[in-house]
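Structures are listed in the sections that come next.
After this come two complexes, each holding subunit A, first together with subunit B and then together with subunit C.
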Partner chain A sequence: MQLSKTFYALAAVAALASPALAADNMQGITATTIKIGNLGPFSGDAAVFNPLNFGPEAYLRYINDKGGIHGRKFETVFADSACNEAKGIAAAKKLIYEDKVFMIMGNPCSGVAMAIKPMLEQEGIPWMGPAANPKLTRPTSPAMFHTTYTGIESGEAMAGFALSNPAIKKIAIVEHSNDWAHGYCNPASDFIKKNGGEVLTRIAMERGSTDGTTQALQVKTLGAQAVLGCLYQPELIILLRDLQKFGVAATVVGALGADFDQTVQQVNSPAAVRDKFFQPYQFKAKIGTPALKEFEDMFVKYLKKDELPKAGPPTNFYYFGVPVGIVTVEGFRRAGPSPSREKWIAAIESIKDFDTGVLADTVTFSKDKHVGVSRMYAVGLDKDGKQTVYTAWGKPLPE
Partner chain B sequence: MADAPKSAAPATKAPPAWRQRRYLFWLIPLLLLPLPFYLGQYKQYVVNLILVYVPVGVGFNIVVGNLGLLAFSNVAFFGIGAYTSGVLALKLGWPWWATILPAGLMGGLVGCIAGVPALRGVRLFYLAIMTLAFGELLRWVYIRWVPVTGGSFGMSVPKASINVFGWPLPTEGDKFYAFLFLAVLMVVLTDRLLRSRFGRAFMAIKGNEQAAAAMGIPTDRYILLAFAWGGFVVGVGGSMYAALVGHVTPIAFDLAELILEFAVVMVGGLGSLVGSVLGAAIITAAPEFFREWPGFQEMLFGVLIVLVILFLPRGVASLLARVHPIFIDRYYRD
Partner chain C sequence: MLAVLPQLIVSGIATGMLYALIALSVTVGYRATTVVNFGHGDLVMAGAYATFVFVGSGLPFAPALILALASLFLFGVLTQRVFMQPIINGPHLSLAMMALAIGYAVRGGARLEWGSEVVILGRPYDQGAFMVGSVVLTMDDLVISGFVVALLLTLAIVFHITPIGRLIQAVFQSQRGAALVGLNVHAFHGMMWGAGAALGAAGGVLLGLLVPLSPDLGVYTLIRGFAAMTLGGFGSPFGAVVGGIVLGMMEKLLGFYVSTVFIDITAYLVTILVLLIRPSGLFGQRATVRI
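Showing the complex of A and B:
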């Protein structure tokens, strides 16, 4: 009897002290709802990226309005990572263990995504997001998917577009000293070297910089024919202004950390951007054209006032975020009326040449390939100031 | 002639406040021991994060609060501690527990280096700028020394390495006990230091450096000791951070992090050990309370700091000191 009591006491202690069990594969699914965690920077400097969270959210609301998927409607729980690893882990833990979501989508911050990756893998929580760090899905992680371009695709697209101009061989790189910027500019630098170009220099321009004189003068002194700017929007604007100020004629190709329209508006100098500033372009057509109009209408209809831009139509980041929602929903559609994590993952891995209706490339996944897209275009203002999408230097995409 | 009546000594004399507080040091962690049985992974993670910021606040307070020098190299100590643990675990395969002491020692070494300008008589804003630059210099090293630090992508601390003498710490609850032990150890050791002649020398230097030197206190030696001990304690905090977050990147040790750590000291109470602990708890937990309102989170957080500085210039610890004398930091015996 005494032994029995001791046994039960030990068993109780062991049960209390044992590690939490991994989330079950139906967590977040009820008869009528699918609970999704939407993780992103809703506060701090990086909040400029949160349209990447609102884009997919608009699509989920649109699907809900149409009756949901297999009778279930999506229920989103937002969580703020502030683009800080420690806070991001707290936010992800809240989503997984307290809110008990089925999966996490969104999360444009690579550092946070890398920090939560071990937890997602341990718990088997699916992730689909726009964070650019290629290490998230290379090598393949069982439940993590990129349905947008990683730094490798974007960096190569930046370099590829610059080199598609036969007159450009000498290229300077201006970049932030962070993982995001290096995620773009390291593959870009490798691409330039492999394809007959020359990287003249890599100049740091830190976040929060309010002056780009040093960088502009170095670019001028070295005689760079093009500049790749792996910079966030505020610093890219400063660089473009200062290159113009010091009469540097080099072509500038920015990374995807800046919204093209806003950058052009805020530079506020046509001479600094016309036929001079370009960015990789993720979409199948120009924003504002009939091909993408349905998405603009969707954003305006389904997003709240504080989720939309303070002025003007929804910007590039809304469109860039929306494929995350589209492919996530497609996974549920294919997983059938009784979804589980395994079924959803298998459904996503079965997607081949899927047209999101918004991206320049179709989406293809497989068991060994969790990066769904690769082809990109470029966007810029032509000599007349008209926004144009190019397939290569001087080759506009037919409208 | 009858003897004059002697004043009757009380039969039982209450121990002085400073002695009562020593019991409290042990009571608080003991009360916290069952927490992992009640908290889920998320709340336990937040508690663990608070424990990481306890040594960070304690170490920062030694230089800024107890020594009274405007030195902002704390984030450098924090980063070097985290990177030391990360590099030893990832590159050399050391278990995390074995990296704690080297992380602290590296923090102490970096503390000595950061203290050199102070020995040269650099003070006030000049010292602030120099120590800030020192922190940024180290961040530059983390970014550029790619083969060792992993560059701007940082490094992932192997999960298998996070153990104590081979006992794995897979859950937040497991980590909690190791972190609680380290946080308490750092607080107790710092308390001992501050109550010793070293701590009193810090106070003398803070009060009037010239007068302290005139009294024969070797101020240079004590300033260096404060930087070294502060660096050691914060370095241990960095090691805890590496084990908790599991991913060490240069951006985690930027200016925003320094502001957060400074807020821990300011809100808790400048020069107060109790304040460092309270500050770590408030600054780490407050954003989690406001998590549901991310738009307001930063504003409320800012307002909280402004209110504390305006109405409680000696921090939240001073509020508690009004409630009971055991919360008063006293570095002398009654």
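Showing the complex of A and C:
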């Protein structure tokens, strides 16, 4: 009897204490607002990726302009991770414990996303972001969702596109020595081996490289028919330039760490990229075509001058980020007028074949599947230099 | 595998020339002030961006380059006079930290403006490629190597033949002695810090011809410059150039014949080995200085 009293007393204390430990499941929701944390690299050497934060933000502002969701408008709190794990943890803590956001959105840096994952899981804070690390949502984490492609989908799409050319069997991989690059190239390597191809070599090209001579000569010496480049934009540009310099005719398929248009423009040599350089393509149509025009208009209308490119139209990364905002909002729409974390998560898990209007695939989640998309196309310049979206080698997507 | 050896050596020399220029620019400042500028990489980056800005404002490349080098010279002089001179008699560690802090501040400024985008400086010439036997040479290789050789010859004349060279040598050997014979050591320090910044900026511009610009442009190259200085011998302009070229070739050869991982770590390995086996480097003089 005495033991039973002690047990109930401890249970009562635990019950009272637990809400203080975990975030309130209505945290960030008021009668008129939904507070969202937008975590991203707004400074530092990875700030080039912050359009992935501004894409979804544009959509939230668009929804606010339309009156919000169930009478509530979105209120965004930006936090800078600088793509650095320590800074990212501090920024996420501020969002969760000081700003008391409902969820964290954005977060393109995989290292930061992995670093804050335990905190998010402990507090039950939902996460929806474009960080490519598959381990964020595989195995499923209760409140974390990928509505964009992880390294597995992108890596397999890279390898799949290369192998869809019947003449390509021997493939070299050039990659950074980091988690991000391995996140793409490990699945790509597995895919090649499973599908009758041969990985001739996996060679390193590190951040800050000023020259790709060694890598280009290795690719040439080994006789690779294709190169998968799991590289960020500056190094991908150098590799493409040096492959051209040494007359290497191999097809190059780059990962999503580079913006296709900028890469083509900055290589500044049509012969190095025409019918030669490709990337997995996440979108249902070519950027700049009528099918995606509404998104360009949205970015231009709702983003501030310093949130848009200094010159030219919004780039690929804005479009890649926007589904994060679209699906986040869809979750609130489905969660009804009294949203809670549980309702929002259930709403997201109920999404089936949802067309974001921008991605190449429709979005489907379930309780056991928190990566919503898989099908990707490829983008490249054809022989005439015209940007073309391909469903497979030599098969352009009808415009 | 041996068929590519000549190409690796030639490409290594071309890359090494760039390291040599960075090493040379640090050496100029070091010889005058005996302070190693740990923020020098950010001046390299600033030179590239300054040229980018001037070209963007409509200037042709050559005037833009000259204006950028002049701006960085002025910046170097000012930073030495305003930030370094007041603490010049303090511990060398303080000077090193100050130089590092200035570099970080410059990088932060660049990130504010260009942190979200990758930009290209653009070449003022056509990027042609030539075959010399089995070796591919590009205009980049020729421009960079030609520029560095011309600079080296100029500096050799300045250091060894002109009165300025003798002054530099005097200050390097004994600042107090130089002051006693009437040399304005403070002004001299400023001028040489400025010259080092301008040379580093030239290295940044050449680097910007090869790679997209980013605020971290100089960071990766500076470590190569330090390794080249260490290999060639601290304070030796000739050693800096030889060290840069040897380092460039080693990166290419180890990277191809052993593992591409070596491209990134050769500079560190060279620094460790030289400091252990021959701390004065290939051409440096044995000296004891405070750092």
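The rule we apply is simple: the second predicted complex is superposed on the first by the 379 of 399 C-alpha atoms of A that agree within 3 Å, B and C clash if a C-alpha of one lies under 4 Å from a C-alpha of the other, contacts with A are read in each partner's own complex, and residues count from 1 in each chain.
The definition used in the following text is that a residue touches a chain if its C-beta (ideal position, glycine included) is under 8 Å from a C-beta of that chain, and two chains touch if they have at least 3 such contacts.
Small disclaimer: the values here were computed from a predicted structure and weren't measured.
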Partners on subunit A (subunit B, subunit C) - clash or fit: clash
Touched partner set for A:266, first subunit B, second subunit C, both or neither: second
Partner chain in contact with A:392 - subunit B first, subunit C second, else both or neither: neither
Which of subunit B and subunit C A:291 touches, first, second, both or neither: neither
Contacts of A:211 with subunit B and subunit C, given as first, second, both or neither: second
Subunit B versus subunit C as contact partner of A:44, first or second or both or neither: both
Contacts of A:177 with subunit B and subunit C, given as first, second, both or neither: both
Which superposed partner A:84 touches (first subunit B, second subunit C, both, neither): first
Which of subunit B and subunit C A:237 touches, first, second, both or neither: second
Identified clashing stretch of subunit C versus subunit B [43-51, 61-69 or 97-105]: 97-105
Common interface positions of subunit A, toward subunit B and toward subunit C: 43-45, 177, 208
Interface residues, subunit A side, partner subunit C - complex: 43-45, 47-48, 50-51, 177, 203-211, 213-215, 217-218, 221, 233-234, 237-238, 245-247, 262, 265-266, 268-269, 309-310
In the complex with subunit B, residue positions of subunit A that touch it: 16-17, 19-20, 42-45, 78-80, 84-87, 89-91, 93-94, 96-98, 111, 114-115, 118, 133, 135, 177-183, 208, 306
Of subunit B, residues touching subunit A in the complex: 36-37, 40-42, 45-46, 49, 139-140, 143, 151-154, 156, 159, 170-174, 241, 244-247, 249-252, 255-256, 287-288, 291, 294-295, 297-298
Subunit A contact footprint on subunit C (complex, rising order): 1, 4, 7-8, 11, 15, 18, 111, 115-118, 120, 122, 127, 129, 136, 138, 207, 210-212, 214-216, 219-221, 251-252, 255-256, 259-261, 263-264
